[in-house]
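This is the structure I have questions about; it appears just below.
Chain naming follows the written order as A, B, C and D, and within any one chain the residues start at number 1.
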Amino acid sequence: MDVDTRLAEAWVRAIAAAVEREHERLTELDSAIGDGDHGSNLRRGFAAVLTALDGPDAPAPAGPGTVLTRTGSTLISKVGGASGPIYGKAFRAIGAALPQPGEAPADAAGFGEALAAGLRAVRELGKAEPGDKTVVDAWTPALAAYREAVAGGAGLPEAAEAAAGGAERGALDTVPLQARKGRASYLGPRSVGHQDPGATSTALLFRALAEATAAAAGTPGPSGS
Amino acid sequence: MDVDTRLAEAWVRAIAAAVEREHERLTELDSAIGDGDHGSNLRRGFAAVLTALDGPDAPAPAGPGTVLTRTGSTLISKVGGASGPIYGKAFRAIGAALPQPGEAPADAAGFGEALAAGLRAVRELGKAEPGDKTVVDAWTPALAAYREAVAGGAGLPEAAEAAAGGAERGALDTVPLQARKGRASYLGPRSVGHQDPGATSTALLFRALAEATAAAAGTPGPSGS
Amino acid sequence: MKKLINTAETVLEDALAGVAAAHPELAVDLANRVITRAVRPSAPKVALVSGGGSGHEPLHGGFVGPGMLDAACPGEVFTSPVPDQMLAAAKAVDSGAGVVFVVKNYTGDVMNFELAAELAAEEGIEVRTVLVDDDVAVEDSTWTAGRRGTGATVLVEKIAGALAERGAPLDEVAALGERVNAASRSFAIALTAATVPAAGRPGFDLAEDEIEVGVGIHGEPGRRREKLRPARELVAEVVETVLADHRLTAGDSVIALVNGLGGTPLMELYIVFGEVAARLAEHGVTVARSLVGNYVTSLDMAGFSLTLTRADERLLELWDAPVDTPALKRA
Amino acid sequence: MKKLINTAETVLEDALAGVAAAHPELAVDLANRVITRAVRPSAPKVALVSGGGSGHEPLHGGFVGPGMLDAACPGEVFTSPVPDQMLAAAKAVDSGAGVVFVVKNYTGDVMNFELAAELAAEEGIEVRTVLVDDDVAVEDSTWTAGRRGTGATVLVEKIAGALAERGAPLDEVAALGERVNAASRSFAIALTAATVPAAGRPGFDLAEDEIEVGVGIHGEPGRRREKLRPARELVAEVVETVLADHRLTAGDSVIALVNGLGGTPLMELYIVFGEVAARLAEHGVTVARSLVGNYVTSLDMAGFSLTLTRADERLLELWDAPVDTPALKRA
């Protein structure tokens, strides 16, 4: 399976749906160790992303890269907070790492490189190390699991499934951590015992990728599978 | 029994003790239909009255009238709110109505006239009619009962006991009334079903009179009984 | 009860110590509980003295200064000050031109200021009293203590204060204060009860979805209890209530005060003001001037009051006049 | 949740509509969510732009006006604004003399302002950023996102704003802002949690006798939970904490800000200020200037913060300079 425009859009839509479903939980997690807005931040952001995709003014995207860079730009323009720039830059980096229209589309391995570019962007912007109790702690094991699956011969859907599992474990593993970045760090030791909201939304993001790729595999689109 | 300096002081002290004991209840009643300060107002006032009686700067009172006018003046200077001027003027009127030093002291009937002067002062200042749910609704039946007792030949302690009963009934009888004066009047029909704090403190005041006169009767002072 | 206080008994004296420390431009007489301007007006002028229970800050102490009050007498929390305070204030600020007492219409305040006026007269001080009674929630004033004085107090003190500052004579200043009051109507809604320090708990209990409609500023319950609704609907009702009583019509212009009761964030007050402006625009009433913030509070009560004062050139010009007090400043 | 709002989703736009209606002296760009002065400075000058999440009112919109900010960018509640807002603001107010971004040190604010600075640079606007990080409750800044920006923001905006108004060049204005920040330390205590409209309930639960010590302004819990104590004791601890970090010594003089977090009545803030003044006097530290009131709030949170800024002649002179904004005025 290659990463085409339709898959990129499906992924973004799946994230938007997951955020719509889970925003209360994200906000609740953020209330415990942050400022109680992570769910509404992402909700506002992905609602705007959908408008950018579907709205009357939406230009036809020139390819999957454009879908994702545009998603990133919209998040930067609409979310604010820490998660706006972080996810915004991440999606812009993923989109930029994908082949241009006319070039050969990314396969599972190529998309892995794009996901790695996303993580690099997050780390460059936020300066967080693994273990700091942030988005990085879900994204890092997600990427590792994805690569391991691809190295073992997996296709995109299987690799994405592995990444989702990795992200979810990573999110859970933030519970015992003391935050060293973002608002939760102000709590010092009191941040221990709570799951990081950003790592949790990152898990949603990879779970959405697994769903979108599985659906694409099940219902062959124009590009086949 | 005549009204001498010692009795006047005993009365004032008995009120102060009752207020100290009951201030929380008075404040609670005032919270329901007023602004929740009647207990602390009177507490502050009678604490100042005791200081005026006992403090290092306290002049020796020239007679019971002086004790009571000084009590009234202290209440005016220290209480504020509605109850400060009302009780202040009342005590000043009672004190002014008592015989001057050198004149024959007031007996039960004479003291009844002084209590009537107190009520007149309250009504002149506050313009409240019986039934308006104020101090007047306890003072009026207290005075009536006092006079009836005196007319039936009662001495001061018995008349005071009757007055206390009248005031307590009067205070209870304010429960079904709709307030037409003071803060409680702002509540309109919602003031119904609550006992008026000022009528309640008036009942304390007459109960204190009954106690003080009974004690004076039991323990003959310089003036005998 | 959670409060930043030392003891319930000492809130007033502790707060006055803070006012004294924070405002070198004020003189705080801690013994008499009187706040005056640190620098006396250079020429004799009519002096404005106000006062009332504490718990309504910045009213009244926060309005002492050039262009507004000459002195304020803070009473205990929600308790009218005593006549001795007003007398001390009047003596401190009378320059021979006389003193105007600005009195909010509450039984206690009226009585105590009345006694003070008698005492001042005995001392040869000419006193006029302006009674503020703007609260239309008190519907039937024949059967009550009359309308309460609330938000309009700020307007009376500002506008009459401006006139006094210009050297107008006593009767004129008092008459203008009365005119401002007559031109003003207020109404308030509370989302929570206030907790008087000495009482230690809220004056009434409200469920998570209930509000009190038609409250005063002393923590007393309002005319009725209702369900909380969106600000737009609450404001529409408040505006209708005020307009019904005020008989403002299209073409009229007003000074509008959206006042927080103490526990409501400024952000919400701006939301309320936006709705007020929109409703008044629908009625063709122009908001000539406005004020949004905490000016006449009720301790920690959450909620707001709306005051509308019918404006004319003269009132606006005096409203715009310079004022320099802790809580209201204008160059 | 009891709030005077229409819907949780529209609090920001509804509040901005209210600001626009209440303040003809401000221009509110509702589409871009930017507040500027209605009347531009007559001569080119360095422009001060600030912004941050909403819920801290009057910060920042209430400080737009001559002598202080040129523009403010309000984000959603407790959420940094987006780069587009700061860019729009910078473009609206740059006169060619450059723009200073005053940024409170929070991950989101820093990142978004950083992106905006990049965009502004691309448009040829010179930008300097002053980071405010005064909150000493964040103890170990190596292992955290660093100290939070809180009360000192008001001082930075006022003092740097005064200098900009006088025509000082970009680097000088930014350097002064940094100096004010470096001279400032803050610490806060909360008596209740804040309720973010979209979350619908308080950020944390506190018992009737509990407080959070060392809180920020975003409703997050503090460093630790303690029992409520008399104001005198709480303030003594806060003053000690600030002084321990600040190394102020006898003979030093400060500007002291006692700031309410939104739900605390002014009366209590004055009680707190009285205690602050008394404790500082014991340390021989002079309060040269002070400010008591709600300036940097946290929605409906009850509590206070103390900010002490070491003062010198130059800072005091600029602090005293005229300012004319909705929330801070000086003739």
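Here is the rule we use: contacts are C-beta pairs under 8 Å (C-beta built on N, C-alpha and C of every residue); 3 or more make two chains touch, one makes a residue touch a chain.
This is a predicted model, so every value here is computed, not measured.
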Find out how few touching-chain steps suffice to connect chain A with chain D. 1
Using only Cα atoms to place each chain's centre, name the chain farthest from chain D. B
Gap in Å, rounded to a whole number, between the CA centres of chain D and chain B: 55
Rounded Å distance between chain A and chain B, as computed from the means of their C-alpha atoms: 77
Could you work out how far the Cα centre of chain B sits from that of chain C, in whole Å? 33
Could you check chain D for residues that touch two or more other chains and list them? 77
Give the residues of chain A that touch two or more other chains, as numbers and ranges in rising order. none
Seen from chain D, its contact residues with chain C in the complex are 1-7, 11, 14-22, 54-55, 57-58, 62, 77, 191-192, 208-209, 211, 228, 230-232, 234, 258, 262-275, 277-278, 287, 290, 292, 294, 297, 299-300, 302-304, 322, 324, 329-331
Would you mind writing out the residues of chain A in touch with chain D in their complex? 27-28, 31-37, 39-41, 44, 76-86, 125-126, 179-188, 190
Would you mind writing out the residues of chain C in touch with chain B in their complex? 8, 53, 75-84, 106-108, 111-112, 114-115, 137-140, 143-145, 148, 196, 198-199, 201, 203-204, 216, 218-221, 223-224
